[in-house]
Structure formats: C-alpha cells, structure tokens
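There are two complexes below, and they share chain A, which is joined by chain B in the first and by chain C in the second.
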Partner chain A sequence: MTNKIKIKIDGKEIITDQGKTIVEAAHENGIFIPTLCNFAGALPKGCCRMCTIKINNRFMTSCTTPAAHGMEVENNTNEINDFRKGIIELLFVSGNHFCPSCEKSGNCELQALAYRYQMMVPRFPYDFPMKSVDGSSPYIIKDQNRCILCKRCIKTIKDDLGRHYFAFKERGHKLEVLLDEKMGKEISSALAKKAMENCPVGSIIFKEVGFEVPIGQRKYDHKPIGSEIEN
Partner chain B sequence: MKDRIIEIISKYNGDSTRLMDILHDIQAHAGYIDETTIAFLADKLTLSAAQIKETVSFYHFYSDKPLAKVNIYLNDSVTANMNGRKEVLKAFEDACGIKIGGVTTDGNIGLFSTSCIGMNDQEPAAIINDRVFTRLTAYRAKQIINALKQGQQVQELVVEECGDGNNALPIIDAMVYNNIRRKGALLSHDYPLFAVIKDILPKTSSEEITDIITESNIRGRGGAGFPTGLKWKFGSRAKGEHRIIICNADEGEPGTFKDRVLLTEYPEMVFEGMVTAGYAVGADIGLLYLRYEYKYLLVYLNGILENMRKNNFLGQSIAGIGDFDFDIRIQLGAGAYICGEESALIESLEGKRGEPRDKPPFPVEKGYLNLPTVVNNVETLATVVKIIKNGAAWYNQLGNKDSVGTKLLSISGDCRFPGIYEVEWGLKISDILAMCGANEVQAIQVGGPSGTLLGEKDFDRELSYSDLPTGGSMIVFNKNRDLLSEVVLNFINFFIEESCGTCSTCRNMPYVLRGKLLKVITGRGVKNDIEDMVNWANLLKVSRCGLGQTAANPIVSSIRNFRHLYDALVQKEIEYDSGFSLETSVLESCKAVRRQPLFHHNA
Partner chain C sequence: MEKKIIATTSLAGCFGCHMSVLDIDERILELIELVEFNKSPVDDIKTFTKPVDIGIIEGGCCNSENVEVLRSFRKNCKILISLGECAIMGGLPALRNGIPIEECLNEAYINGPTVGLNTQHILPNDDELPMLLDKVYPCHEIVKIDYYLPGCPPSAELIWDALVALITGSKLDLPYEVIKFD
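== the complex of A and B ==
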C-alpha cells in the first residue's frame, strides 16, 4: 500500500502516490507539463529542460523531482511558458529542421510543442550548422540535423548485455548522438523500429519504409500535444 | 598492443568505472587511443565502442588521433592573452611552421590551445608533455622549439629554470611559482604535521568533530558555500555499505590557482583534512580528484600518501583508533572544467563523461557508486585541520558576521604582485586592489568568469557569501583594456568550450549570445541587441548546474556594470541591422574567382 500525498499545481490540489515524480503526478491528474527527453520506462534525466517548473522560487525539472507532500508548484505561468517556448526555439535554430518534408512530421513532439506554444519565427538567429547523416546501418538513418540530444535513444536502446547502441560524442556545442558503427550494422529490424519510435523527432529514421501514414493523418495532426492528458 | 591493453585492464580488475585510468594508461603507452583499441576495450569491458568514445571525446586531454612526440598546450586564459600570448603563439607557430591545432609533418611537435591551466599569476604558460612552462616569451618559445628540434628532451628544458618552495624538489621539478603574498590563519606555519590525527582524533568522538566544524560556521570554499558541518552531518546519517570523502582538486574556474599552491606546499594538511572528514563522517574511502593540468604533482602527492600509510595515518585502525579504516586514492582528471561541479566530478570518477547529475538526490545520499559521498574543496579540507587544532571559537573570531574565517584569493591580471593572498572575509574590493598593487583599475572580475565584473562604483563592496561570494579568483583589468573584446569574449568562449552540452539551454545559449556579442563588437549591433542579450540570457536560469546557470554572467554583468561600453559600440542612426554582411559573405568566393567584391550600394 503506497502513501498518498497532496501537492498543489498552480493552486489546484491533486493527490498522488509517494515516490512519483511531479510530471507523473501532474499527468495522472490531467495537468499537462510538456516534456521532450522524459520517456516512460527510462530513468529521467533532465536534458531538455522543457518540464521546468518553479517550487519555492527555484526552477526544477518536474521529470526528476519527486513529489513531496505539501509542495506548491508553478507550472502554467507566463514566465515558465516563455522559457519553454524559448527552449523550443533554441532547438529549432541550433539544428536544421525541415518539418514539411520530414518523415516524422505530425508525429514529432518538437513540432507539436512548437505549435502548442505558438512559435512563429524563433527569436534567435538560425545557426544553419553543418551536420552529418549516417546511413551505415542497414535499418537506421541517424540524421544529426534533426537531433535534439534528448538521450532517449541512449537510455532505451540497448542489447541483452546492456550495451548502448547510441552514445554521446564530444561536448558542449559540438555534442552529437552517435550510433555505434558495429552494433548499428547488427541491429535487428524490430529494435531499429523501436529506436525510431522512441525518438521524439526525426533524427532516427527506419530505412526503406516511408510515409506509410500520410502527413495530415498523423498523431498530432488531429489533436494538439497534451490534449490526451488534459481533462 | 593487445597484451598491453589486457594488462592495463586487469590492473584495474576489469572495472569499467576505472575507465579514466585505463584510458590514461593506454594513451601513455600508445600516444593516443585509436579505433582498434577502442573496439577491443569495448569488447573486454562489455560496453559498446560508442560508449568508450563518449568518455574519450568528452575530455580535452584524451585523443583518438595520433598526437605528436611533443605536444604543446598553450593556455588561452584571459590573463595569458593580456601578458602577450599572441606573440608567444606566433613564435611557436613560426618556429614549428604550423598553425595552432596542428602537428608538424614529421610528427615531432603538436601545438594546441587549452583552457585556463591554473597559472594565471605566471602567464603566458603552456603544458608541454605534462610539464608546465611558465612566463613564456616569444624568445623563449623560439628557444624551446629550437632545442626540441636539436633533439633535447622536454625535461632537459625545465632545468634552465625552477620554481620556488616545493616546486624545486627533484620529485616535482617544475618551473612553477607559489607567489604566496599574504599568510593568515590557514597558511601560517603553526601546523605540526598530522597532530590532529595523532593527538586529537583518538580522544574525540566523530560527533564531536562534526560539532566543532558546525560551530566554526565554515562554509564550502569552492564557491557554492554550503555549510561544511551540515554536509558532514548529512553524510554521516546516510545509509550505505561504504561512505566516501572526495577532495575536489579540479579547480578550473579561470583565474584560480590556490589549490595548486595548497597541494604544493600544504599537501599533508589537505590529506589530514580528508582523514578528519573520513573520521567524522564514518567513511572508509577517500578520493582526491586532481585536475589533469596538475599532473606534475601526482608522483609527489602519491609519495606523501605512501608515507602516511607507513606512519599509520592512512590504512587500518588509523592512529590506533580500532574501527577507523580509511585510505586515499588520487584520481587524475583529463581536462574538463565541468568536473569541478561535484556530481559531474563523481560521474567522471565512475569513468563516464563529466555530466552533472540531477538533484535530488544529492551526493551526500547517493554519490560515488550510489554511496553516501561528501565532496569538499581542497581549501575547506585544509582549513578543517586548523579548526580542529585551534577550536571553533578561534575560527569564529576571523572574518565578519556573515562569512566567518579566511579565504585564499588567487589574484592576477593588471597588478604588480599577482599571487595568493589569504584574507579575512569582509575585505573591501578597494583594499584588495591596493594590496596587490593595482593602479588605474577599470574593472575586477570577482569569482572568475562565472562571477561578476565590477567597476569603480562597486569597489567599496565587501567579500562575503551574501554580497560578493567567491571561490577566490580575482582578475584585475586596467583602463587600457578593451573589456568586451579582450575579457567578455574570452570568457564566453570559455563557457562554450567547457559546457558538457546536456542541457538544451547551456549547449546553445552561450553560442547564440556570442553571436550577438560579436555583432556588437564589430560595430553592426543596435540598441535592441543589448536588450536581447539580457533577456535571452534568462533562459540559462533553468539549466541543471551552476556552470549552465552562470554561463551568461560575463555578458550580463558587463552590461549591468559597463553599459556605456556597449552603448558606444552600437549604431545610433538605425534601429535594426540583420548583422549580415554581403561583402564578408562573398569574400571567399570572390577570392576564388579572383575578383574584387563591388557593390552598388557602396558607391
């Protein structure tokens, strides 16, 4: 039997289980907190900072912070929403995203969040960086142009021995997610598909099949992101 | 080669958390860490090659490409540049016939740039094959290259000049200067070696030791200022099979070099502080994380640890205390500023890329290998020994109400006497400037690039945790300096270079801000660009660690305190400028087709 605790999000009281993170507690209670790097079943690692909230005047990531009884959380405020929009814009200008022709268009969480936060033109100048595309695996195309370095593939795509198919390379502004050359060649088609599904954007593309579902009929083409959570 | 790698792996019991050491050993043996080695290593450690590369590529001093026989890492700190780095670099480049970042065709000499190496009081400096060369001049650079070309070894070149104090010991033999200018409670020579371990610990309970530290009101000396006694209390209460004491000797904040001097002249006191902390917290494992740039101290420090073991100041039943077992291992870093952040340091100790962890949980609950871990600064641990020796009341007399005790300042830049000054908290900036012989001061950077840039109107402020906290880095700039292009740009480049890159904010925002800053510096900025920089920088507040949160400080604090410098550079007559220059953009293609860019709007 788990302990029930109460927390407040933007003044609204919700009940959750001890040990749940704030984002879990919120989503169970029909309150949307946007996430990108968070992924069910994998350890949270606050990389994208999208789920930033404010507790006691301090910014925290709700995917990594456990809910504690009596906590008062600021979530849907102008200040925080502007930060979230800013993060989306930063991710757009630091890569090369070409939504209209992307295989993930309509299923892409970054694109969906950009719509939700009404990004028109990013406030930051586009960087147009030179990025590489790795097609050496028989099943996967790893495109650095569209990678937002959320770590979801790193955390979730492993072999039976626990070895990672994906890993970071370099640091800072040069950071990239690489597909291991040898393991990428040996990856199964099922795991490659899972890698693509786990990727929030179009950086991991499963080869040979494309646009199975036409653009316009995809997940976020019908309903905005978060609507599956909000009540 | 494979046999050698197997040997190295078994030296560390095939433990992948010792990857840092394994990579150091491989690089020492083979010169670099190539693809085949990485694949082989991955196989042996049950990791993917990509995972090994993750660690290799994160650290500045590991290389997956062949390096030269002699590798020169020329420091690129702001003080180095102020003291003539440009001329030194040119001399190196001319003498070698290569550009920075390159290796000579015969593979003999490589020339690279590196972030602050902790020699700010004796710049320009370089690390050449792990040995530090200080006070370089163009003449000296030429001489070094000529000597190397004639077949001299790097260590032979050091002989010509040697530093003071223990730097001159044959075991260190470094041309590094301590430049201790002012001694106080910590540095004064009333320290009988190991008296606390020998005489006090056996008679005092671990709770009493923690109480004395709590009552002394000492706070962490690395910069964050967490109360040390409280940290120890948390650490001692947390449950775990082992408890860990880590000494953070990864001082990487540009302009700080106090830990280097402590480790050179007072290493026994630092280690004794670690033993004391171990006793108080109930820890059995001690780790000192030494930044790679101080590798020249490694053999010397290990020798001191060996002596301590011989005298039962380390090992089992230390000083006859039946159940007190504690030993210390030194872990060498590999060049990453971010590893000064305690949880990034722990990740690095576990053989991974130095990426800060999310908190909670804090290291005192789950730190190194998920065990309760207390991380303290070198200076904090050394001070602990003096506090236990002289009592909490003695320590409380020093400093001011808000911030108790003394602080080591690493002062450099435009002053006559750069070096280490031990001062009591509460000292005014104007007194610090007078003390180090600084004249015609335009600005002082308090607390390194992640701190604040102060101008004359702030010179009567006092050092304290509540007003002006500092890890000790103080860089002085006189009125001839161009603060924006010489200082702020250098600092922001530093943050771009040293970000771990995990947070979307810190990975991208300093880079975006640099674009704006360059726009202003090159005269294409408009008033709105200044406002943009201030507003955009806010986004960094939601970064995970201190580095990310402070990465825009050089820009934000210089706009706050030196707004006139920005105003003077922006275009007054227009409100908008794209920052795009057609002339510059087509320069290269014009060169290729051999014609001059000519635009009608210029006519």
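== the complex of A and C ==
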C-alpha cells in the first residue's frame, strides 16, 4: 500500500504518493516545473538545475528531491523563473545554437523553454566555442555545438548487454559527451532514432531523413512546452 | 500625431529581415501614415538627414564598415532594435567564429573547390574593402541595443506589433506563436 501525503506548491495543496519526487508530484497534478536533464524512466541526476524550486527559502532541484508530507514549495515565482531563464541563457551562450539551421528546431526542449520564458537575448556574452561534429556512425551525427551535457543519452541508450553508446570525455569546460566510435558504427537504425528522440536538443541527429515535419506542425510551434502538463 | 522617423540598415545579414518587414503586406499603407523613413535601403537615402526615433538593425558585425554604420545608428537614433537572429547573435555568418580568419580566407579564395580562376592565389586586399573582424559580433556587444525581435526572419506579425506598440506607446502583448528563433 502506498502512503498518500500532502504538499503545497505555490500555496496549492496537492496529494501524492510517498516516495515520488517533487517534479513527479507536480506534473501528475497538472503543475508545470521545467526540466531538461530529467527523463522519465531513468534515475534523476540533478545536473541541469532547470527544475530549481525553493523549499524553506533554499534552492533545491525538484527532480532529485522526494516530496515529504507538509512540504511547502515555491515554484512559479518571478525570482525562480528569472533564475531558470538565466540557466537557459547560459546554455545558449556556452554552445553554438544556430536555430535557423538546426534540424531539431521546433522540437527542441531548450529552444521551447527559451520561448516559454521569453528569452529575447541572453544577458551573457556569447562564447562561440570551437566544437567538433562526428559523423562517423552510419546513422548518427553527434554535434558537440549543441550538446547541453544532460546525460540523457548516456542514461537511456544501451545495447542488450547494458553497455552505453554515449559517454563523458574530459572534465570541466572541456567536458564532452561522445558517441563510442566502434559502437556508433554498429548501432541499429531504430536505436539511433531513439537516441535522437531522447536528446532534448539537436546534438544527436539521425542521418537518412531530415526536416521531416514542416514548420507549423512541429511540437512547439503552437503550444508552449509544459502546456501538455498544465490544467 | 507627428510621424515617427525610422531608419533601417542591413549589416552582415541577407536582407531577409527587410523582406519580412515588407511581409506586413497592405499594412504598409498604414505604416506610412505613422512613420517617415530616413536612411534606409527602403527609400535609398544613404545618410542621416535628421534625428531618427527608431533605428532597425538587421545583421551582426562582421567587418569594420558594419561597426561604423552601427555606431552611426546609435548616434542618430533614439531607440535601436536588433531585428533577427544575425543582429541578436551573429546568425549564420557567425558560423565562422572560432575558426582563425586566415583559415577562412584561404578556404574561400585559395583552397576551396570552386576557386579555380584565382590562379595567382590573391586574397582580396584593396584599400577600399572593409577589414574583416576577428569574429562576427552580435550588435549589442558593440553598442547598446534597446529592443530585440528574434526570428530568422522575425515574422511580419512580430515586426508589426512591435512597431505599432513603439510608435503609439501602447502595451505590447506577444502571443506565444510570434517569438521564434527560426
């Protein structure tokens, strides 16, 4: 039997099961908390900080924090939303995001969050770092210019033996997520497609087809990200 | 109401944003009731002849001439708008950022597969030509910019709504669908 608990988000009381994270509890109850690195079905890692909320006046990541009975959560406040917008802006300036020429445009979660939070221009200077593109796999283009290091591909794309196709290389500002050269050559077309789907941005591009869905029919063309959750 | 004075320019852009201004279609007739164009490719006035209310910048800065023009816009316009991705973040011209300029020039004029006619391997070096900058700069990294209208190109709706709001001093409500980066 699961234990039901009550928490408050922005003053609204919701009921959830003990053991759920705050993000899960919120989304089940029609309250949107933005996420990037969190991925349903994979262990949360708390690395992007998009899902930041406040509890007891402290910033916490809601994808890694379990809901506890009586908890009072601040979510949709100007302060927190500006903090989230700042993270989006940092991600834009620290990579090379040329949306007009990106195949993920219109279906990209980072871009959709920028729309939702009305990023007209990042407040930080553009870095324009030199990044590489690896097209050696028959099915995947791994473009480091757009990688936000969220680890979703590492966590979710594995072969039958549980071996990872993607992995971290280097550390700090040199950190990159690479597609293993040998495994990348052997990856199936279906798994490559799934890798592109699981990547929130356009860092993993499936080869063979491109720009399949026309502008106007893409995921975030008409409705903001999160509107599928909100009620 | 006195007409507002508008100036526009295309720096390192493709003129797509100017085309998008024309996409306001028949509302252009309403627009000319509200504004008068000064320096702009629209009317081919080459130099500022009076103080301008709203300057609209398409394109980022890739060479010394772009910087000069942008600074003259800042000097002559009360309000400056960065229109489109190139003005806001460099856009496609900024794909060269990070690549040493010598490499870019060699690829474009000496080593590229389509430069067969340049048998003497000459890099453009006429004094009349503006100097290329080390990278393509977003406009707000050169001068202060007051407003940003994203898109590649920004939609005619966004341009129209923003201009009308600025000219008439009304509040600008941006529907979700008009802010796009592509």
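Quick note on the criterion: the second predicted complex is superposed on the first by the 231 of 231 C-alpha atoms of A that agree within 3 Å, B and C clash if a C-alpha of one lies under 4 Å from a C-alpha of the other, contacts with A are read in each partner's own complex, and residues count from 1 in each chain.
One rule holds in what follows: a contact is a pair of C-beta atoms (placed from the backbone, for glycine too) under 8 Å apart; a residue touches a chain by one contact, two chains touch by 3 or more.
Treat the numbers as computed from the prediction; the structure is a model and nothing was measured.
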| item | value |
| --- | --- |
| Combined model on chain A where chain B meets chain C, clash or fit | fit |
| Of chain C and chain B, partner touching more chain A residues | B |
| Which of chain B and chain C A:Ser101 touches, first, second, both or neither | second |
| Partner chain in contact with A:Pro125 - chain B first, chain C second, else both or neither | both |
| Chain B versus chain C as contact partner of A:Thr65, first or second or both or neither | first |
| Touching partner for A:Ala40 - first (chain B), second (chain C), both, neither | neither |
| For chain A as apex, the angle formed with chain B and chain C - C-alpha centres, to the nearest 10 degrees | 100 |
| Contacts of A:Ala190 with chain B and chain C, given as first, second, both or neither | neither |
| Which superposed partner A:Lys223 touches (first chain B, second chain C, both, neither) | second |
| Chain B versus chain C as contact partner of A:Ile215, first or second or both or neither | second |
| After superposition on chain A, the shortest CA separation from chain B to chain C (Å) | 5 |
| Residues of chain A contacting chain B in one complex and chain C in the other | 125 |
| Footprint of chain A on chain B - complex, ascending | 39, 42, 46-51, 53-54, 57-58, 336, 338, 353, 358, 360, 496-505, 507-512, 515, 532, 536, 538-539, 541-544, 579 |
| Chain A - residues contacting chain C, complex | 92, 96-102, 105-106, 111, 114-115, 118, 120-122, 125-126, 128-131, 215, 221-224 |
| Chain B partner contacts - residues on chain A that touch it in the complex | 44-50, 52, 59, 61, 64-66, 83, 86-87, 90-91, 93-94, 123-125, 127, 148-149, 151, 161-175, 178-183 |
| Chain A partner contacts - residues on chain C that touch it in the complex | 82, 85, 88-92, 94-95, 97-99, 135, 138, 140-141, 145, 147-150, 152, 174, 176-177, 179-182 |
